[in-house]
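Both of the next two complexes hold chain A, though its partner changes from chain B to chain C.
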Partner chain A sequence: MTAATMKSRTPARRRWLYAPMTLLAAFFLFPIVFMLAASLKTDHQIFADMDSLKAFLPVGDVSFANYAAVFERVPFWRFLANSVLVTACVTGLGLVVNSMCGYALARMRWRGRAVVFGFIIATLILPFDTTIVPMVYLVANLPWIGFEGLRPVLEIGWLNTYHVQIIPFIVNAFAIFLFAQYFSSLPKGLEEAAAMDGAGWLRTYWRIIVPLSKPVFATVLILTIVTSPATWNAYLWPLMTVQSEELRPVMVGVQYFFQLDTDWGEVMAYISMITIPMVAVFIAFQRSFIRSIASAGMKD
Partner chain B sequence: MAIARIEQTPKAPAAAPPPSAPAARRRRRGDFQRKEQRAARAFALPAIVLLLVFVIGPAVVSLAMSFTNARLISPTAPEFIGLDNFRRAFTEDDLFHQSIGNTFLFAALVVPIQGGLGLVLALLVDQKLPGRNFFRTVYFLPVITSMVVISLLWRFLYQEDGLVNSALSMLTAGAYAGRAWLSDPSTAMGAIVVMSVWQGVGFHMIIWLAGLQTIPEEVYEAGELDGTTPWQRFRHITLPLLKPTFVFVLITITIAAMSLFVQVDIMTDGGPLGSTSTIVYQIVQKGFQQQQIGYAAALSLVFFCVVLAMALLQRRLTREKD
Partner chain C sequence: MQRRNLMKLAAATGGAALAGPALAACTASGASDGKLLLWTHTAGNDAELGVTDQIIKAFNDGQDTYTAERESFPQDAYNDTVNAAALSGDLPDLLTVDGPNVANWAWAGHLQPLDVPAEITDEFLPTTLGIFQDRLYSVGHWEAACSIFARESVLEAARVRIPTMDEPWSREEFDEALERIAADTGHRWALDLSTADIGEWYPYAFSPFLQSFGGDLLDRSTYLSAEGALNGPEALAWGQWFQGLFTGGFANPESPIGAEEFLQGDAAMTFMGNWGALQAMEQFDDVLFLPPPDLGAGPKIGGGSWQWALTSTADAKGGNAWMETALSDEFVAEFANQTGLIPATNGAAELTEHYGPDGDLRMMMDYSRSYAVLRPETPAYAVIASVFTQYAGDLIHGGDVQETLDAAVAEIDADIEANSGYGF
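Showing the complex of A and B:
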């Protein structure tokens, strides 16, 4: 950009844009601010404040009583730990499995490569929701090796386990695609040079390719956490496959607030508690989030 | 097994002979290629197995079950009933017909509103104004928030004594009488549209923004020198250059809109009077709540064909304009 255009694009001429931008910001923020304010109030106070700006302010009969009540109603730490565990496993294992597959597709010559690639692209258009019911049926009949003490036993059915929340969601066709695309943009000849030095494929991948590809790993990590139906936002799948309370994730926990009496103050406290961790992570890594979403759109 | 193979394959020949003779070089080359073949298969194997079992598997199971009367938990084996499920879906199931209509209505509203508003937001935060990062963050915040949380929150805001009504009554100085948005068949779907756009538009703002930033500044400068107005520059420079982004935004919003489920499940249960029931909501209701997994599989197949047809149609339409 030249100095002349800098001048013609001075912010002063466009300052009026702050008006619509601020209005829009209010539109996007008001439900979230309301949620946080209401989480500190009694139901009586919430409804009393509803027709004034007090609805957005922590004023009146304010306390952390709703937060204390959440711990009475649900095993919050247990739900949180389950969600963290499942999210970490799905994203961590996903990064390994999907990146290795993307690597083989992008940079190695092998028979069957074209077939596998076509088949992965084809699965991109299969929305998860359409197969969720047969998927329940399938996992209900899959075998698993469990342990009674140290003795391995063959079990049938994955319902009510951690692995039913993890294993079906490790592989992700879109992630494989993003990895393959990024790896093919790396300079040619990296593998030959590594092979000259006596490094095998796994070592080349791990020591050379992975360190050069941190941006795509960050992108896939963030996209998995934000958009996967099995990580932090998992709801429908665990609702269908996990009945025992000690294995349930945070989103399924909202159900507990609508049995018998609904106290909206407690609902607001609980949904604040399960939203704040993600928002905090987002604010801390804001730039990477934005960059990751942007690069997902640049695939064509 | 995959792990074992990965471990053995990458070991390069420990002491390779000096590649003096051409024959030796050829042998080494062949050896390298064989190792590459084996290593590549080992690298791709875990993903392929998981895809086969958890993506292709359920799709094939679903296809097969759609011709049977299978039930989720049943003592008797499923029986082949030919096209009965499809006949029922197309000729008898009025709620399913209504759900197809609702799904298309939702998509027809959400796609232009979310796509358009996303572009407006992107243009705003693309201005070189101080504080634009703050606005980007705020507009993006709902995307980070779970749909479950947002649906619950908005369900509360839409109540008769909720915040939406009190805000409207304040803005109109009390002239507006409140209504229970989600309990009225004429407003329930509209209410879900507004909330869904609110949640998803930040994502597409970022996609549009990335598209805008690929347009070189010089193109605009040239336009400015030719004495064009900002609107002309937008219409004749920005929009045509955003074409690839447009296609991506169109197809991703359409697929997401056609899959509408969580909002309905949490906010309205498909009601009132079926006015918010959608295709995916019916699939889950029939398959899981009513355990008619064969029938649900048939509905899934119909849904899959509809989504695929729409994606292909959009791709074709947007391509022909070139």
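Showing the complex of A and C:
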């Protein structure tokens, strides 16, 4: 086979490859395209278009009325701010706490380390749904130091607060596992050199380990945002622990739209609005995301 | 209030970061001195929230011992929220409760009996009163009623008699009407049953057909078993008839919720609640709201909707005082005006646009009074509803009728037995 024939076949092969890939991409895009198109239509129009390709096109009786109605039905900015805050705290604090925990388990030698690591890994087999009821009971009886003016007061119960949405989810067994696995693969010579220069554990972690571990930090960041029950997709936990409307996240807001007579156009408009931030995050971290999913071996 | 919440927001950010200092004051709910906390399931429903706020204002302005405040929750998530609050000892003073859940919540100890004068509650439709083991636990402002929505022009084209309460369709007439409509009117479906509305719709809308055949969800003489009621000869006849609606091509097994097939003109008739009546009237100028067919044991429709109740931890005096304010005809009528639902009292009906003596939806009150059957008033209802929904779905999709009903009975009876009869 000559170089000339190879050159002439490559584009053709690519075309054959791109054709099914495009089809697959379109298949996955359909729900999002439908959501965006339906968000511009009246209910009558949505159902009238349902049997044809018009369902995916902004045609017929279209307007931005559904988006305007969203702001009348839910305190959208409040819900959005709550979700951003909780997601940022859980992921940010989680990176610090879980990476330090992973480091202690992977690189420090101490009695009972294997047992503790095994115990942490064992918690992964428990689905969140099975632990949620005892967790509610637990957080309802935990103490907290609040303030009346400037005077600290002891309170019982974390319900109906921001911290009940954040603190129980900072520690994440899967994140600890990923950090520990990654840290185990780093050469020990780096730490030994740092120790000879007089660096303690904390300085070694912060100055040597963290800068070398950006891929695993990116992986954990993305997986936490995507899969944690307490970040962007938080629904069941805030539903059971947060009673005040002013503390609710965006996913609970979806339920505001399901009435006896549900307006599907408004539902689609709201879902579009709360999907956009996640799409933006995905586009920004697309490369890291794909790498993280591949390295984590997850198809979630 | 706003400032306090901003403080909470700031405190949460900084506090969580420092993992120690307080984030914010924890807002306690439940009973407290002079404060009555109300929970409603109507978040996102401005019409109902508006009336609730009117009641709260009237109550707060009318006395100075108590101050009522409300918190609203989305309906689909409401029961889980209440159960979680009961678990953590964080129930409010008053809350809304769906009629079929009253028995379960009362049995679980979430509710306390009401102490509202009988001259007030006697005026209410029987199905708006939540009674468990002879004690009144809740009262509703409104009721809903299902009927057959049809267009006069379509029935005339199919040469189908328009039924009345005095002479509803018999089973044979109804079946013949479906066949004529399917054959003569060009509609894709003769009847829209909104089957995609999986959930409470199934027992609410479809179990009255079972009762109209003479069967039931449970043996109400004991409340201890579904044997015979849900799998006896009457239930078997219902199951075969109900399945035949779908296998015979009269109804779509996958019809969208909210009577959309009817509203789109794809279905000639729909069995729908009166909350969809105003939209249907806007859509068609010849829409009729017909009584359900008499399938052998008389026409039946579901009864019992959202009601107000006092929790077991509530200040009973304050809570009952709030109930007395809330149950005035003025507010009952206002709920009906805002939602289009049936006012619970005749006095309120006179004050409404649609349900007065000459109102265009007056017949819904009559249907409710004459045909409504409460879903079994037992704590087991939560499981009964779930089981019925599952197995009715199996029937719709062609499952063997006798096997399906036997399986449903077995599951219901096992649950009742596991809970020692739920107090019966």
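Please note the rule applied: the second predicted complex is superposed on the first by the 267 of 300 C-alpha atoms of A that agree within 3 Å, B and C clash if a C-alpha of one lies under 4 Å from a C-alpha of the other, contacts with A are read in each partner's own complex, and residues count from 1 in each chain.
One rule holds for everything that comes next: a residue touches a chain if its C-beta (ideal position, glycine included) is under 8 Å from a C-beta of that chain, and two chains touch if they have at least 3 such contacts.
Everything numeric in this text was worked out from a predicted model, so none of it was measured.
Trainee: Report clash or fit for the pair chain B and chain C bound to chain A in the combined superposed model.
Mentor: Because the two structures are overlaid on the shared chain, the partners are seen to clash.
Trainee: In the superposed arrangement, which partner chain does A:Trp232 touch: chain B (first), chain C (second), both, or neither?
Mentor: In the superposed model, A:Trp232 contacts chain B only, not chain C.
Trainee: See if chain A has more residues touched by chain B or by chain C, and give me that chain.
Mentor: The partner that reaches more residues of chain A in the superposed model: B.
Trainee: With the two complexes superposed on chain A, say which partner A:Arg73 touches: chain B (first), chain C (second), both, or neither.
Mentor: second
Trainee: Once chain A of both complexes is superposed, is A:Glu245 in touch with chain B (first), chain C (second), both, or neither?
Mentor: second
Trainee: Given 152-160, 350-358 or 386-394, which part of chain C has C-alpha atoms clashing with chain B after the fit on chain A?
Mentor: 386-394
Trainee: Please write out, lowest number first, the residues of chain A touched by both chain B and chain C across the two complexes.
Mentor: Of chain A, residues 47, 133, 136-137, 167, 236, 240 contact chain B in one complex and chain C in the other.
Trainee: Which bits of chain A are touching chain C when the two form their complex?
Mentor: 43-44, 47-48, 72-74, 81, 85, 89, 92-93, 133, 136-137, 140-141, 144-148, 152, 155, 157-163, 166-167, 236, 239-241, 243-247, 252-253, 255-262
Trainee: Under the stated contact criterion, what part of chain C meets chain A in this complex?
Mentor: So the residues of chain C touching chain A come out as 5, 8-9, 11-13, 15-17, 19, 21-29, 39, 43-46, 71-77, 80-81, 84-85, 87-90, 256-258, 260, 263-264, 273, 275-276, 279.
Trainee: Touching residues of chain B toward chain A in the complex: what are they?
Mentor: It comes out as residues 6-7, 9-12, 14, 32-33, 35-37, 39-41, 43-44, 46-48, 50-51, 53-59, 61-62, 65, 70, 72, 121, 124-125, 127-131, 133, 135-150, 152-154, 156-157, 161-163, 166, 169-170, 198, 202-203, 206-207, 209-211, 214, 217, 220-221, 224, 244-245, 247-249, 255, 258-259, 261-262, 265, 280, 283-284, 287-288, 293, 296-297, 300, 303-304, 307-308, 311.
Trainee: Under the touch definition given earlier, write down the residues of chain A that touch chain B in their complex.
Mentor: 1-2, 5, 8-9, 11, 14-15, 17-18, 20-21, 24-25, 27-32, 34-35, 47, 50-51, 55, 97-98, 100-101, 103-105, 108-113, 116, 119-120, 123, 125-127, 129-138, 167-171, 173, 176, 195, 198-205, 226, 232-233, 235-236, 240, 251, 254, 264, 267-268, 271, 274-275, 278-279, 282-283, 286, 289-290, 293-300
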